[in-house]
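The next part holds the structures, each set out as C-alpha cells.
One chain, chain A, appears in both complexes that follow, with chain B as partner in the first and chain C in the second.
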Partner chain A sequence: MLEMTIHENSCRGCQLCLDVCPTDCFVFDEQTQKARVAVVENCIACLSCAYICPSMAIRHKDYHQVKNFYRNIEFSSRMEKFL
Partner chain B sequence: MDEILKKRRTLQETMNFMAALSAGIEPILGRGANSMTMSAGRNLGRKFSAGAKPTQDLMEAIDEVRNILVANNCLWGFEPFKPQQQNDFITSTPEGDQQLLLVFRDCMIRQALLRFGHLQQGSLCNMMYGFFAGALESIMGRKTTLEIKHAGENSCLKLLTVKK
Partner chain C sequence: MSGSKVRLNTEWLCDCGGCHVAIVDLHEKMLQVLQSVEILKCPVLTDEKDYPEADIGIVTGSVRTEHDREAAIAMRQKCKTIIAFGTCAVYGGFHGAGLAHSREEIMDHVYRHSPTTKTDTLPNNSISALGKMVTPIDEVIEVDLYLPGCPPHSHFILEGLSSLINRTAPRVHKETVCAGCHRVMKKTAVTEIQDPTSSYADGETCFLSQGFICQGSVTLDRCLAPCPNHGIACSGCAGPTMQVLSEPTRDLRTEISERMSRLTKIPYETIKTHLEKSAKTHYAYAMATKMIGNKPTFLIRKWIAEREAR
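On to the complex of A and B.
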C-alpha cells in the first residue's frame, strides 16, 4: 500500500502541493503553517507534488513507478509488431 | 541482445518522431492538430474493437477496452479510480450521462513526451481520447469523451463521460 510523508522541518508552507494535487490529498495546517497529508487513499502516485515541492519534502513509498518504455524488455518485445 | 537493443532504439526513435511531429503541428494547426489526432485515435479504437463484445455495462466495457489494448500489444495501463469521499466508481450527471475516473500509469505517449521535453496534454494525448471514443462507440453504441483532469509525471487522471 502506498505511503506518503512530508518532512515537517523541510516544509515551508508554500501550499504548492495543495494546488497541484488532483485528488486533494493534502490540507494546510493553520497552526503549524505547514502542509499535512489528509487522505493518502486518494493518492494516484502522479508524483506532481514531489516534483513541485521546492523543499523536496514529500516522499512516496510502495507505488508503481513508471519506467521509460524502451527500458522495459517485456514491453519492447510486445511492441515488436509496430516496428 | 543486440537484436533487442536495435528494436528498442528503433522504438525510441519512432516515438521521438511522433512526439516531435505532434509538437510541430500544434503551433501551425492550432486546435486542428487535436482534431487530427482525435480522429486518428477514434479510427484506431473502432478498428481494434470491431469484434469486441457489445455491452451496456460501463465497467464491463472498460474491461473490454483493456483486453483490446492487450490483444493489440499496446501498453496503456489504466484502472478505474474512486475518491474516498465517493460511494461508487460510476457517477451520473444531472443530464443522465455516466462518469468514471480513470488513472493511467504506464503510457507510451507520456514517456515519449517527457523523455524529449515536450508538454503533456497536447495533441498526442488527445489521441487516447479518440481511442476511447472509438472503442466505446463500438462496444456501447454511445458517444464518449475522455477529459484530462491532471497530467502528472508518473500517472494521469482522466474523466470518462459516456453520453446518455
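On to the complex of A and C.
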C-alpha cells in the first residue's frame, strides 16, 4: 500500500504540491497554513510533488519505482554515503 | 591514552580552515567525543607532520595544489574510513570558481595585480605548484562518506561521528534549507527580480515570493538554515540537493526558476536567464564537481565568458 507523508515542520505552505498534483491528493489546511495529504488512494506515484517541494518534505513509500535511464548512475551510487 | 579508542586523523587541503573550526564548535560535546576518540593528527591541534595509522580520516578542502594531492593520497593509505568533510572536499567548494579562469590569470591577479599589494613577483618553487584543475577529493582518492556543508553544522558533525563510532545509522535528513527556514512561502504578484543590494526583503515572507533569488530550495540542509532566518538569502553553501545531482535534466537554475515562477508573476525564462548571467555566483560552491559540470544543459564557461566580455 502506497504511503505518502509530508514532514510537517518542513512544509512552508507554498501550495506548489496542490498545483502540480494531477490527481488532487493534497488539501491546504487553512488553520495550520500547511499542506496535508487528503486522499492517498488517488496517488499515482508520479513524484511531481516530491520534486517540486522546495523543502523536499514529501516522501513516498511502497511505490513502484520507474528507473530513469538518464539518471546519473555514478552519482546515485554515492548517495548512500552521504552523512 | 586507551588503546580501545577510535583513532582520528584530520587533514586540510585547499580550504579556509573553517571546517576545523566547525569541529571545535562542538563545544562541551567535544568532551563526549574525546571519551571515545583519540586525535592523532590535526593541523590545528597537533604538531604531527607524518600520517599515523588511524581508523577515521577527516579530509577538508579540495585538491588544488600538488601538496593537496599527495596529502589526500597519504590520508587514504593510512586511514580506514575517509570522510570528505565540508563542501570543498565534497564538491570542490568556492574556489571551484577558479575553473572559469586560467592558472596564469589567477596567479597574475593574486600576486601581480592584487589591489592590496605592491609586489610584482610570482612565488618561486618554495610553494607547491598550482594544479591544472580544482577537483573534489573523490576524483583523487576513494571516499567512504560525504558530509557537505560550509562548514557542516556541529549538529551533523556530532551525528555523523557518533554514528560512525557506535556503528549505528546516522539520523540525518535529506531535506533542503527551506525545511529549516521560518519564512512563509506564499504566492505574490511580484513581477520583477529584486536586487538585494538596493532593496530590503520583508522578514516574514520567503525570499522567492518577494522576488529575491534564494538558493534554499536547491541546497541540502547541513546548516540548520541560519542565513534565511536572519535576513540573508541562501547562497547554496552546502551544495546541491540529491535531485539536482542525480538528475541530469534538473539544475539549480531550472529548479529555482520553476518554483519562483509559480510563486510570483515573474516568467520562468526571465529568472533562468538572470541566473545564467550570475552563474559564477550561484554555482560557486559546486562548480568543480563533475556531477554539476558534466550536465548536458550546463554551459557555465559560456555564460561567464559572455558576462565578462561586456
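Throughout what follows, the second predicted complex is superposed on the first by the 67 of 83 C-alpha atoms of A that agree within 3 Å, B and C clash if a C-alpha of one lies under 4 Å from a C-alpha of the other, contacts with A are read in each partner's own complex, and residues count from 1 in each chain.
The definition used in the following text is that a residue touches a chain if its C-beta (ideal position, glycine included) is under 8 Å from a C-beta of that chain, and two chains touch if they have at least 3 such contacts.
Here the structure is a predicted model, which means the values were calculated and not measured.
Within the superposed three-chain model, A:Val39 lies in touch with chain B and out of touch with chain C [touch as defined at top].
Once the two complexes are laid over each other on the shared chain, residue contacts for A:His64 go to chain B alone; chain C is not touched. In the superposed model, A:Met1 lies in contact with neither chain B nor chain C.
In the superposition on chain A, contact is made by A:Ser10 with chain C only, not with chain B. Contacts of A:Asp19 after superposition: chain C is touched, whereas chain B is not reached. By the touch criterion defined above, A:Tyr51 reaches both chain B and chain C.
Counting contacts by the rule stated earlier, residues 51, 68, 70-71, 75-76, 78-79, 81-83 of chain A appear in both its interface with chain B and its interface with chain C. On the chain C side of its complex with chain A, the touching residues are 83, 138, 143-148, 156, 159-160, 163, 170, 172, 174-176, 178-181, 183-187, 206, 208-209, 216-217, 241-243, 245-250, 258-259, 262-263, 291.
By the touch criterion stated above, chain A contacts chain B in their complex at residues 22-24, 39, 41-42, 44-48, 51, 63-66, 68-71, 73, 75-83.
By the touch rule above, chain B contacts chain A in their complex via residues 4, 7-12, 14-15, 73, 75, 81, 83-84, 103, 105-108, 110-112, 115, 149-150, 152-157.
Of all the residues in chain A, the ones that touch chain C in their complex are 7, 9-10, 12-16, 19, 33, 51-52, 54-57, 68, 70-72, 75-76, 78-79, 81-83.
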